[in-house]
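Below you'll find the structures, each written out as structure tokens.
Note that chain A is present in both complexes that follow, paired respectively with chain B and with chain C.
Up next, the complex of A and B:
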């Protein structure tokens, strides 16, 4: 009894009426203009320095990084990263492509790249952490679970609703980024070329598979990867929300885990087993750009697999606990 | 031949040998009872006796360690969705989504079952008398209104059994009276009601039959009146001249004066008693006694019958058990 579509409608309405999504949109509306302004300042400085000559700018960055490579004070991991960067910049210079044409699509691309490991999880968790624990802390779970609907259907409807909102968050973020930054940078840039397929092997960047795609295609690929990472964060958030009674506790637990992930990926290059933890694998779009991964041996396929396994595990735990637990409070 | 009697005594809820351990400790040791169609069944026990845990097991919020629960013949463990479709319930407080209106809440729960129309929602809103405020946010509701909304939600599916857990908690006297009338009205439609309480007086006023639970065990099931009369009652006198009255009472062996530390009358009832004389006497002799006291020049301010407290009823019931 109780058809699934109606249950999803219920859950979607509840999230909507709680104004969770409205808050997320509001945050985006405040933050994006701030970043657009910052980006505009950078563009202005570049303009003054290089008189609009992006090749000179690129050449400058290459020589900056090459100089840093010869310094003894920079640790080896950092050098590796810089070496890869220099090779990529050189590739762009050789092929006469400006990697940072200031337009709305470039801005969106960069914003999403930077948002994937903290900002997007934050928005996703604002919804996921609340989904089950709020029903428990307010006691409405007693009404919800005493209706003639199997518990697994209730949780499934919550999961589907969560997927819906995760997708909506990513689409909204991209749309708002494009629309707001376009006011300053112009709405063009969909067909500007971007190189993908850089493969980082130790200190060398393998350019054999490098090919150009348009920025539009790049953004689509990026959105897909970000969606996947966000879904895994959302599902793990849902699990914590099933396990923990209070929304605040479940949100803090998840955010702490996510932040720990960014810290770990900045320092864990020698602790190689850390690569099996989900939170260092969230930056999937960096594989597209060809940035060296935080820990050696990580590839796009590897990260997708690790995230996938964590997601499936979290789903299993959520359903197992939710369908069995005694509601005592 | 017995079909009529059987039809009248259809079992709506059957609880058989229920047990529950929580954290290795037995919380519910042995709970069995039947609730028949169309009756108001009381579930009486002090706080912490296992009332709420039992109710949570009745509606599948808590899984029993042992025992069976059948609602209209459907096992709640095996077919929760079938068994729960006959049940409306409020467990503890009537908690609804406070960020939605009453109407939106009802729509939400209506969507969880098939065949509940807009008309049915409007109908239950009218039954509980919330028509005026139904489109306001639930967070603006008083406790009494939340209670009504909870009942409206429970009635949506036209349940055969309505479970209310301490429904009078937090209501004012007027609200309690209205609720009592409402419950009687519902029982009149053929619905069975299962009502828990820790107050004997409440159960006495509302229920036909009662199960008494203490320390996780049902210690008695039966007609409310029969159980209460088993415990006896007190006659309390307030007179102008207590000393003289006491003397007169003491002279008669048919009257027993109960000392203050001997009886266990609820303290809330005792407030306002000054120099009251608590006695046990035959109800029929009360008017003769009033005449006698007035004849002796003692003004009688009040005479009242007071039911024993739940605690006392427990003692009587358990004593009876050990003797029998």
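Up next, the complex of A and C:
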């Protein structure tokens, strides 16, 4: 056990000293202000148009989406999405709750929702894709494997390090989002109510289980779900990193897969078997939010199962290959 | 080496704390989804909007709500402003105070039965209650449907003014309901009903439809007069000469110029 801890320490420091995490923080520091600025502009336009009357603003969104429903040019899947949205917004209006109180917590919540598909996987892969293949490309893998340490322990220590960094990345993203957007929107909003538990069945939204939680709790749950999805991406990235020699190749492979996933979820509603692919299931927080899933019939349990199976499969392949493969030049 | 150990201690503990927090969040999300509890109580609030009323001159700001069908939404107007935006803008200029459109609640293709249903929605009640001025159009789709002798136009169905004349009494009571409901939701607002016109005036066989439209508008005016603070703005005469100049490509909705003239009429009625 002490042995393993020492290995994790070694791996953690190695990743830290490569300044991978510093790069991620830098990217966040540049990107978040850009989005904060954009959001501020939107808020200003709304303020001008609705004079701070959120009920009128909400009703306008409902009316807009209702009108779109009557158009024949809009595909049926989009209509379903809008129908669900209208019913949800109506629920908020009926209970006199503002779904978009302008504050840092709301901004963070929205940022994370939008980041889960591409941005968070990108940051996670910046570390995961490098973990094994960089040892190969620099040749240090020979040093590592000639030590009197079992190979599976080395890979396990890398996996544990990866989980630590994935957690750190997500918490850092949330913290930076909150801190930066708070300058503009104010640091309140932790106890604002959010409705969860909308169940989307085709075109109907079942509100039987809907209940309110505070925005703080919502953010915690959302972060937990995003973390699970990010872990699966990281583990699959680790597998590719074991299989592919170069860091660049492994990173590009994974990013291509992730991007394909977002495209698939946007258009796969007619190809229902796509729901068994991991990259269509990454947006776990949409179940919390209650937006219709990309393919009908997907639920939180289903997506967790699909992601879990892919993760376990990737782990199996990683350990199997890593403990057996010959290291050639 | 010493700094390495400290770095590891800080890094290790921080990341471990993050991991635990996220795992807790994950567990919480599963629990909340599969075994939901009652959750937060949302305080009951009284209705947000107070019905206004009173003289416009005394108010620092005026609110407008508009509802009805595609005419109120502004279909056919390439600028997207319709008569509603034109009226709110001009009213602001004339009265020299901010005039805000609370909501344009119009739904394309709406008939009176749809509108009556909508009156039960929170957002409708709110916007209507808040308004000092309510602009609306309704009934055009009702009449259009009544005039169809089964089958749609595309399928070769035809519009028949005679049929419309016979069936008109079926729908007039609904207009009464609309006026009553509006007044129930807002006791003090000025209500403006934009009257119907016959978009097919230039077709000889459809010209007799104008008589029925006039009958409809008369009914609306009767209701407005009974209300006391409502009025009907006539538009039928605007679309008789040079129809194509004021109607859009679909030969049904006004174009920008058409809406401009309707807005002008409403302004005249208001001031």
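Heads up, the rule we're going with is that the second predicted complex is superposed on the first by the 327 of 329 C-alpha atoms of A that agree within 3 Å, B and C clash if a C-alpha of one lies under 4 Å from a C-alpha of the other, contacts with A are read in each partner's own complex, and residues count from 1 in each chain.
Following the convention adopted for this analysis, contacts are C-beta pairs under 8 Å (C-beta built on N, C-alpha and C of every residue); 3 or more make two chains touch, one makes a residue touch a chain.
Every value quoted in this text rests on a predicted model; they were computed, and no experiment measured them.
S.K.: Applying the document's definition of touching, compare chain B and chain C: which contacts more of chain A?
M.R.: Partner touching more chain A residues in the overlay: C.
S.K.: Have a look at where A:326 lands relative to chain B and chain C in the superposition and call it first, second, both or neither.
M.R.: first
S.K.: Scan A:55 for contacts with chain B and chain C and give back first, second, both or neither.
M.R.: second
S.K.: Give one of first, second, both or neither to describe whether A:214 is in contact with chain B, with chain C, with both, or with none.
M.R.: After superposing on A, A:214 lies in contact with chain C but is clear of chain B.
S.K.: Of the two partner chains, chain B (first) and chain C (second), which one does A:9 touch, if any: first, second, both, or neither?
M.R.: In the superposed model, A:9 contacts both chain B and chain C.
S.K.: For A:70 in the superposed arrangement: first (chain B), second (chain C), both or neither?
M.R.: second
S.K.: Once chain A of both complexes is superposed, is A:143 in touch with chain B (first), chain C (second), both, or neither?
M.R.: In the superposed model, A:143 contacts chain B only, not chain C.
S.K.: Under the contact definition given at the top, report the residues of chain A touching chain B in one complex and chain C in the other.
M.R.: 9, 13
S.K.: Enumerate the contact residues on chain A facing chain C in the complex.
M.R.: Residue positions touching the partner: 8-9, 12-13, 16, 51, 53, 55-56, 58-60, 62-63, 66-67, 70, 90, 93-97, 163-165, 167-168, 170-171, 193, 196-197, 209, 211-214, 217, 220-225, 227-228, 287-288, 300-301, 304.
S.K.: Touching residues of chain C toward chain A in the complex: what are they?
M.R.: Residue positions touching the partner: 4, 7-8, 11-12, 14-16, 18-19, 21-30, 32-34, 36-42, 45, 48-49, 73, 100, 102-109, 121-124, 126-127, 130.
S.K.: Mind pulling up the chain A residues that touch chain B in the complex?
M.R.: Residues 1-3, 6-7, 9-10, 13-14, 17-19, 138-140, 142-150, 324, 326-328 of chain A touch chain B in their complex.
S.K.: Within their complex, state which residues of chain B touch chain A.
M.R.: Residues 22, 53, 56, 59-63, 80-85, 87, 89, 91-93, 95-100, 104, 108-109, 111-114, 150, 153, 157.
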